[in-house]
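Once you've had a glance at the structure underneath, I'll fire off some questions.
We just call them A, B, C and D in the order they show up, numbering each chain from 1.
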Amino acid sequence: MTRDEIRDGVFRALTQVAPEADPSRIKPNLRIRDQLDIDSMDLLNFVIGLHKEFKVDIPEADYPQLATLDGCIEYLAKAQDLR
Amino acid sequence: MSAPDISARPLVDRDHAVFLLREMLRIRRFEEKAAEMYSLQKIHGFLHLYIGEEATGVGAMQAFTQQDAIVATYREHGHALARGMPANVLMAEMFGKATGCSHGHGGSMHFFDASRRFYGGYAIVGGGLPIAAGLALADKMQKRQAITGCYFGDGAVAEGEFHESLNLAALWKLPIVFLCENNLYAMGTALERHQAQTDISRKASSYGLPSSAVDGMDVLAVEVSTRQAADFVRGGNGPYLLECRTYRFRAHSMSDPDLYRTKEEIENWKKRDPIMLFEAKLRELGLLTPSDLAPIESEVGAEIEEAIRFAEASPREPIEDLLKDVGGQPAR
Amino acid sequence: MTKMTYREAVRAAIRKALRDDPRVFLMGEDVGRYGGAFAVSHGLLAEFGPERVRDTPLSESAFVGAGIGAALGGMRPIVEIMTINFSMLAMDQILNNAATLRHMSGGQLNVPLVCRVATGGGRQMAAQHSHSLEGWYAHIPGIKVLTPAIVADGYGMVLAALREPDPVFIFEHATLYPLEGEVDESAQTFDISHAAVMRPGNDVSLITYGGTLGKTMQAAARLADEGIKAEVIDLRILRPLDAQTIVNSVAKTHRAVIIDEAWRTGSFSAEISAQIMENAFDDLDAPVARVCSAEVPMPYAKHLEEATLPQVDQIIAATQELVPGHG
Amino acid sequence: MAKFLMPQLGADMSAGKLLQWRKKAGDRVQRGDIIADVETDKADIEVEVFSTGTIEKILIRPGEKVPVGTVMALIREEGKPAIGEVSPPPRERAAPPAPTVTAQPPPPRAVPSTPAAAAGAPRLHISPVAKKLAADLGIDPATISGTGPGSRITLEDVQRAAQTRTAKPSPVPEMDRAARMRQAIGAAMARSKREIPHYYLSTTIDMSRALAWLAQENLKRSVEDRLVYGVLLLKAVALALRQFPELNGFFVEGKATPKPDVHVGVAISLRGGGLVAPALHNTDRQGLGELMRSFRDLVQRARAGTLRSSELGDPTITVTSLGEQGVEAVFGVIYPPQVALVGFGKIVESPRASEGQVTARRVITATLSGDHRVSDGHRGGLFLAAVERLLQEPDQL
């Protein structure tokens, strides 16, 4: 899965939770929660979205790695390789 | 039917004479105390004093039995006392207390005592006359040996109810003694300024009623005339009108500045103060010695004083009972 | 049950009372030899004699006052005031003595007096003989005010009133005397504390009393043809008013029209409307409507009198105004 | 010493002017003597004295106008007549004038200033029964167009709106709806502040044990079934309410009506502004997993605008959590007709001493806004303490 495909998947999960999110204006290196109005319920739904999109199990302990867009892509890419 | 000869003086026995004097004095002192209590704001609203007319009230009342019915007017303190209502329940009524003879609902103008058939004071001038007609009608229809004494003032003769009631009473031969206390003034209007015919007793003839007039300042004369009128009525001969010519020494009420008559006129009439007149007559007849008076005064004073204490100490009616005696309420 | 007219029903009740209770007697202008201005007491003088059926002089204040006095004295008088128009002459005795003596005497005296009074207009009697003033009497604490609109009530209310300890005023609308209806002369008890639902309905409550019940029932029938199910309430008693029956009805229908022959301003309909606002506010889907007489001294001419009095068409129009889809 | 008062000379007299004295200090007077002339509105009146004795002191000068009951002179009574001293009326005070006869009508009570219409909302033209049904169904009347006379909203209008509302969300443009919602929330909040006497309590709750338990629990759960800590807070509040029923219910028509079931309303912010607080039915009887699922479902439907009207109308209490927005403690406004609101702030690390040892504990600030007509601080405090205790045994929730 290419990085772009992973990026699109992440955005799909993100817009599920925050429809008003505009992918082009999300800064990849800043915390997503500082750029969008995301509460713990949204975060959970985002993680569930990623789980369905990429068929990976994401333990709570790994949540910090998903704080930024780049972090998500990095984490998911690693998870794909493991499989 | 010629007017009864009222000049014949009965042989007066001493006990009855002292009783009459004492009754008049009770009324006089009660009224003086009522005036004082009014000025101290213990009594409010209207207060009409009977000072000067005591002979009429006391004299006439002697002619009525306990079974007879009495209807009075708003100037009724003297009639209530003469009828036997205790001074304390009258004072309590004027203080607006629950122990008053009308539970504080009526005040000075509306004393009632069903047990003594004292059917109260009426504030609407002439309002009592039709009631008296009805009471007499009921007694007659139930064949009760009783007549009705109906007091009213000279002002009432101008009201339609006076003429309607006298006619109805004469028409149906109702057992009523109509007692007109002519004190020469309808509040601020002298008799000759409110009546074309000032001889009130003559008004009865237009309805076929026998009538007469008597000196309202002479307690014995009033008693004799009223007894004769009452005997006539008890004989089933229909109603009788007795006019008692008297005078009030005080204003119409506590709110009346009394400007419509001169001081001289009042002073003249005071020379015929009914209590002074009767005292002098009894001394003349040797029925009264100067030492008799003091104990009567102190006895009367004590009764009036006790009335004040009773009225002051009495409770007011609780607000919860506001609607207690009002008829026509939905069934609880 | 026997079929009779309204006047015969009232007469039957008075006759029964005169027979059953020696304290009862009838007093009023022309009640004896003339048989009553509306022929209600026809034949009673012959049966009971002049002592108990007493013609009076035209002295309303005196004979109403005498009625009060006689009641105080232990009798049970039925005083007939020929019409409400003349009752003004006796209003002082009624207001200041009849209604007041029990309370003012601290409960010592009560006045078991029954006063029957013909009322209302509609017979071209003009201004001085066509008044509807029942609302004035219903304003006075101390008395009861009954308005028999049907023949059965014409009979029952007289007998019920005679059992009351306090004064009762029965207003008989003059147009009702020839009305035909059923009376159960064996009945022993008669209700004088509840209004009656004369016709059930869900869309609007038509509330009235006395002489206007007939017109209200006609209006309800015609409204039914248009699909509006109107509930008709006959108040029967103006004091004490049975507000609960009114509130229950408005809670169901959410709309009320009050029909009252009195002049609109300060009429009894205003009191009913106020009580609906106070007790059924949250159930109202439209303001309370009123159909009353025009505020003019009753004109003599027929067309003018009809334009003054509440009519069936007005009741229908007022109702259509309230019911959605019709206004 | 007897007092000579300005007498009551008529039913409607409240004061009188002394014209002249007919006696001076030291003169002897008899009961009934005229000793002064007084001018009233009606006329000049001669005033008699009711006691016998000698005038001790004159207190009022001619020309002075004084209220009825004022002491104008003192009389030393000599040998009282047999009837004894007239005891002066008990309430007589020495100098100050007696109250006037006709009590002045109390000054008109300052007309309570009617609160400005909430946030300038135009007054709705709606019939009482329609307004009541809209309130019962939790439908905002502002969102209904009236078909009655003068476009008054009628009963039928509300009934029609209720049917269409539950069928599909009324296609109201997003912005317009948010503005209307802001208006409705504004009106409710203003009314709440105006009518409900709030009291506020706060406490800090140690969450360490609960969060540790949660982390363990979530390890065992798949992603979809994971719990958020909010669920623990909701369940603790719901269970605590069983012991404090007075906080769980409404205050309507002047009296508190506690509700048997516990439906905790959860404040959910909507994307693009606005807030709703739909109910989690029987919060206390749902297990944590079940509660999590209904909570997630509620949030999604709230944000999609497909909430059922009963969910809007049913909450018996509301919980609001602004922790994620960085707020430490929130003192919220109660949603009428409810009688309490619980607020939770963010979880922070804070030094806590226990048994002499200071350790870093993760704590949260819990607050209670209570309706003082229904409950008081004492009961509110005990309630918060119960919530804290429950959160110390997360496995029992």
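Operating definition for what follows: a contact is a pair of C-beta atoms (placed from the backbone, for glycine too) under 8 Å apart; a residue touches a chain by one contact, two chains touch by 3 or more.
Keep in mind it's a predicted model, so treat the numbers as computed, not measured.
When the interfaces C-D and A-D are ranked by how many C-beta pairs touch across them, A-D comes first. If you average the Cα atoms of subunit A and of subunit D, the two centres end up 48 Å apart.
Spacing of subunit A relative to subunit B, judged by their CA centroids, is 108 angstrom. If each chain is reduced to the centroid of its CA atoms, subunit A and subunit C end up 84 Å from each other.
None of the residues of subunit A touches two or more other chains. Among the residues of subunit B, none is in touch with two or more other chains. The touch graph of the protein chains shown belongs to none of the named shapes.
Of all possible chain pairs, those that touch are A-D, B-C, B-D, C-D.
Taken in their complex, subunit C has these residues touching subunit B: 23, 25, 51, 54, 56-57, 59, 61-75, 77, 92-93, 96-97, 99, 101-111, 141-144, 164-168, 193, 239-240, 242. Of all the residues in subunit C, the ones that touch subunit D in their complex are 254, 281-286, 324, 327. Touching subunit D in their complex are the following residues of subunit A: 18-20, 37-41, 44-45, 47-48, 51, 57-60. Subunit B makes touch with subunit C in their complex at residues 69, 100-106, 110, 112-114, 119-120, 122-124, 127, 129-139, 141-142, 160-161, 164-165, 167-168, 171-172, 323-331.
Taken together, the subunit D residues at the contact with subunit A in this complex read 215, 218-219, 222-224, 226, 228-230, 269, 271-272, 295-296, 299-300, 324-325.
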